[in-house]
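The two complexes that follow have chain A in common; it is paired with chain B in the first and with chain C in the second.
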Partner chain A sequence: MAENQRTGAPLALRRRHHSASCRELAVRAPRLQLRALSTLTSAVWLAAYGLFVLCENSMVLSAAIFITLIGLIVYLHFVKVDQESLLIIGSLGIQVTSSYASGKESTTFIEMSQVKDVVINEAIHMQKIIYYLCILIRDPQDPQGVSEVVPLFQSSKPRLDCLIEVYKSCQEILQQRETAPQSSEIK
Partner chain B sequence: LWWSGGAEAGIAAMVLKVFFPTCCSSAESGILIGRWISEQSSAVVLAVVHFPFIPVQVKQYLSHVQQVTKIKVSVLGSWSNSKREKEESLSKFLEDLGTIFAHEPWIQISKEGDSKFWSCSTLQKESNSSKEEEIILVYYDQRKVMLSQLHPPANTSTDPKADDASKLTAVFDTVANSKILFMTDKYDDGPVKLTHWQSDGVEASIIVELLKQASVPVCLLLTFLLSLTSVVCKSRMLKFWPLSFLWSKLSTCEQLGHRLQHLQIISSSKKAQNQTQLMRKANIFVSLLIDVALGILLMSWLYRKSRIGHLADTLIPVADHIAKELQDLLQWLMGAPAGLKMNRALDQVLGRFFLYHIHLWISYIHLMSPFIEMILWYVGLSACLGLTVALCILSDIIALLTFHIYCFYVYGARLYCLKVYGLSSLWRLFRGKKWNVLRQRVDSCSYDLDQLFIGTLLFTILLFLLPTTALYYLVFTLLRLLVVVVQGLIHLLVDLIDSLPLYSIILRFCRSYRLAGKSFSAAQAEIQGF
Partner chain C sequence: MAAPAAAPARRRRRHTVCMVSDFFYPNMGGVESHVYQLSQCLVSRGHKVVVVTHAYGARRGVRYVTRGLKVYYLPLRVMYNESTATTLFHSLPLLRYIFVRERVAVVHAHSSFSAMAHDALFHAKTMGLRTVFTDHSLFGFADVSSVLTNKLLAVSLCDTNHIICVSYTSKENTVLRAALDPRIVSVIPNAVDPTDFTPDPSRRDESTVTVVVVSRLVYRKGIDLLGGIIPELCQKYPDLHFLVGGEGPKRIVLEEVRERYQLHDRVRLLGALEHQDVRNVLVQGHIFLNTSLTEAFCMAIVEAASCGLQVVSTRVGGIPEVLPEDLIILCEPSVKSLCDGLEKAIAQLRSGTLPSPETIHNKVKTFYTWRNVAERTEKVYEKVADEVVLSMSERINRLISHCGPVTGFIFAFFAVLNFLFLLFLRWMTPDSSIDVAIDATGPKGAWTKQCFPGKKEKVKEVLNS
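Entry: the complex of A and B
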């Protein structure tokens, strides 16, 4: 339904409405294609075979196999992001999870008291304008200032229509925070 | 670290958060004890007390825990886990409990049979019941929360605005400080029967306990030995002038002193005050262990197949080779190096002087040659003190072997320095100026004719001898630089082994929850409010 901003590959956005103050939004990237994988592997092995024919050293072949395996493992574990999700629990915090193709999950949790707002920013990159969703972190010294900007969905880079839906869901939860009585401020 | 949350639909007025441990989800019915944090409207459940119990004894136990841990532990609500259909009498009984242990609000969590859905409700006596409350149930892994250490930022102590600090630290602190609550397990015969993460038996490792018991006498012994060593080191005998100068120049002594200091830190009988001190001690301990292990490995490799003998045999030819190369270099400098024309007389003087030096050095090395193997053998034994000590010894041996290069560099540098100094002073005289030492500046001065004459003469001589001296200086500085670079690399390696925090790195890979971290996942939960 949505598309990646850079490559145009189709993405899937899934929204789960757990309750009035808890939403989960997940963007899933397309999986690793078998076609691409097999073409790359065959190309590497053909090159290795060509080298072997040239220099008659069988180490080249084993080295090529080794390199392909290690490269694939490193790619799946560190580079290929399968799904990026955003879990907002009102009054508790926001959690950003990236899960990689090898099953690794890296999560970041930001407490609600530190979150100033969730906004869509525009950036000019080369000749085009790209949009990205980010969380603004409050500055402890300056109540109006922003100390840090945390960009979301870095690997899947969804387009503006997808971002708008995510933004709307986030804002619904963040609005509740404003209307709720701020009893935590009373000391 | 997994937390899962679910909440109910309702007009959010004041969101109530309940932190429930995963280990209690299969516990039998009972009452919940924990801490109520009213500023954040959150309840941290620490354990479940099972039936039968006597309320008075429960209250006594709780006040005892409160005294020890300084956390206001109280009864928060009731938990019912019924295998069959929901029993009406049980729920009435649980509500009545709310009147015995008065707590605002009284939280009731119940789970039916094998269903995934829980129900969570609160009883508020004082507030108007028309307000619907939203409840968030957060499901946490007690063991990991207890073991994870949240490092506070460095400036929170001076910051009066405490609400900027993380609100979740209160939750972490509550669980971490309630260790005494987790000491009783279900095999103990006490007035209260609790369920928490240790209720199947307090988790401990035999090896760790044995090490803890053994560490006390070992520390005492180490402290005693270290005090003896430091007394010997500081004795007057070793402080005479030539010896003290020698000790300060040898990097081995410095490294040994460094390591002694580390041993003193580890074997001190005071427990570490805070987290940073504990990590520092652990890092030093691991680094020492790895160092000694690598050193023993090196020793075992060195002492087999008479490698020491081979090393000693190759040392003299290497020294000879270096000396020969230096002699060739000096012959080249005495000729016409790189096509430059040197001043013949000065060239010959300097060249012969350095050649004689090398000759002396070679005779000295040859004199020492029968003893080299024995010296190396005994010095190699000190590698068992650690790889860093062995590397320092190597660096010192290199320094000793290339001592003549160092001497040449010193001569060349001094000569060049004197020449440049003389030249600058005479240049000022040439222009009719003088350096005023009192005012630290250049003043004009009128010289006599004979002063000017001699000054100009000397200036010319020094100026035309400058290229020769400069060339010698350049060549020997480059050689010295080479030796310094090699020694510098060895010292860099030694510093790396000394200061790499291996314990923290290993902890990061194996038990990263000890270095803090938390994550949430939303699960299915149907909560009924009212």
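Entry: the complex of A and C
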């Protein structure tokens, strides 16, 4: 099992080689900064206090506390993604997992027979033009066609050098599948 | 990999050019094909070219066309006639991102009708890039709309490095309109693909004389003159036929004439033609008639001459520069003069003194080639690359001194705002955090000459190396 770390700015890519045809690639986003959290909270509370001084209604203060609490829970549970990982098993398929800061995990699995290819593509996203990695899903009716495109690492959006690393790892395993499609199934 | 094969001892510099225009395929027209053909020729000469246009329906994002030419279809709102709205600012984030990630050195904007082209020039100057502008049309000076567009053009072009016009008449027009120094204006004509326009004499009906007209049926193209010519000549020559291709508001004029003089069998109106059908119409005729009242550079007469037709045309705009005198009969824009010209052409045809279609084609095919256009454009880039870009303070001085006190100050203010916006964007996403795009074309192009099968492997190779 080989493990190595590649840090580019705040994102970290971790690669794990479980065996020749099984690899795990994880992109870890920086943890939630205590400083950012406390700044935001105090900003909301100060604004609420200002409003309280103006209208002299204590409801404002309790509302502010609830808003911060609920906001934090929603943010940690649905928005903040700590780690996105890609587990490729040559004989089985590709599993995409994203773990949220609260500990919630959402997992999708794509069977190897459905995977046509893994490619890097370009897209216009907000006011940027970014590279992203995506899985092309084979169209069941037409073996040459693509029925769906599944983008990977959607929330961390790693840069091109990191994407190329992941791309190469994926291609190595996909090529093994092409050269020996039967051997892995016998095991 | 491609570099040693493509550079046999030529010490030319390779430029990274970004073509910006609102008009590009899938929209059809002269500017579109100009941008496409020019880019293709520059790519095959080893430069890196990207095209930026606005989204056409579902066609948005990044696409590749032949030879790895990369096209950005940006999701900007279309306002009028396929031209985007301009606020001078909203397109800066995306255009800056493209200019940085593609490492663009020269921004080449096309067509004065395109708001996006002017925006791109404005932003490129703010970012300190070199700018080239190609003007494709002639304008008037008298009416309100031309006064306004001329003012905007003057603002947009006063600090542009170089301007390209399609004919000497168009150069004169642009220099006057935008109050430019004629030394920074070059003339590079359009080109036709001669392999698309080949003669085919077997398609002609030798028992008659056929006059072909292919143009949009609008006032500018002189369709009212055509309506006067048709009855006059049809009375004189019983074997004369007219073939009119094109559509427009003046079609009614021709229909009236046909109705009144009972010429249904001799005047055929074909309606709108697709570009690939134009040649099939042209080869059916003996004489090509152009009645335009204004024209920067008439592509139609070159296409007709390339198909081996004798050309009769009005002497307006840039037309006298287009073809040599033995291939064209020039007339004044009046019914009388055009009839005389046509009669002369018919007499020459009857007496057999006209050169054969093959000889005309072989002559014309050497005149206007895209290769030649690309070489001359390359020289412009070469010249521009050595020039210094105006600094911000010089640019503001230029705007104030050149465009009048009011407009100058307003646009100088906009230029400063744009610069501040750029500083803000640089602070938000520093240039270092923008990924450099993988070149599809140019010296380190990842795109091989063969089309699809080779392409993917090559891109993989680049990624692996």
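In this text, the second predicted complex is superposed on the first by the 165 of 187 C-alpha atoms of A that agree within 3 Å, B and C clash if a C-alpha of one lies under 4 Å from a C-alpha of the other, contacts with A are read in each partner's own complex, and residues count from 1 in each chain.
We take it that a residue touches a chain if its C-beta (ideal position, glycine included) is under 8 Å from a C-beta of that chain, and two chains touch if they have at least 3 such contacts.
As the structure is a prediction and not an experimental result, all values here were calculated from the model.
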Superposed model, chain A: greater residue contact from chain B or chain C: B
Contacts of A:Tyr167 with chain B and chain C, given as first, second, both or neither: second
Touched partner set for A:Val150, first chain B, second chain C, both or neither: neither
Partner chain in contact with A:Ala20 - chain B first, chain C second, else both or neither: first
Partner chain in contact with A:Ala101 - chain B first, chain C second, else both or neither: neither
Touched partner set for A:Ser91, first chain B, second chain C, both or neither: first
Partner chain(s) touched by A:Ile110 [first = chain B, second = chain C, both, neither]: neither
Partner chain in contact with A:Gln176 - chain B first, chain C second, else both or neither: first
Contacts of A:Leu51 with chain B and chain C, given as first, second, both or neither: neither
Chain B/chain C common contact set on chain A: none
Touching residues (chain side chain C, partner chain A) in the complex: 60-62, 72, 74-75, 93-94, 97-98, 101, 429, 433, 435-438, 460, 463-464
Contact footprint of chain A on chain B as seen in their complex: 5-10, 12-15, 17, 39-41, 134, 136, 138, 159, 161, 163-164, 166-168, 518-522
Touching residues on chain A, where the partner in the complex is chain C: 9, 120, 122-124, 127-131, 159-160, 164, 167-168, 171
Interfacial residue positions of chain A with respect to chain B in the complex: 16, 18-22, 24, 87, 89-93, 95, 97, 105, 107, 109, 111, 113-114, 140, 176, 180-181, 183-187
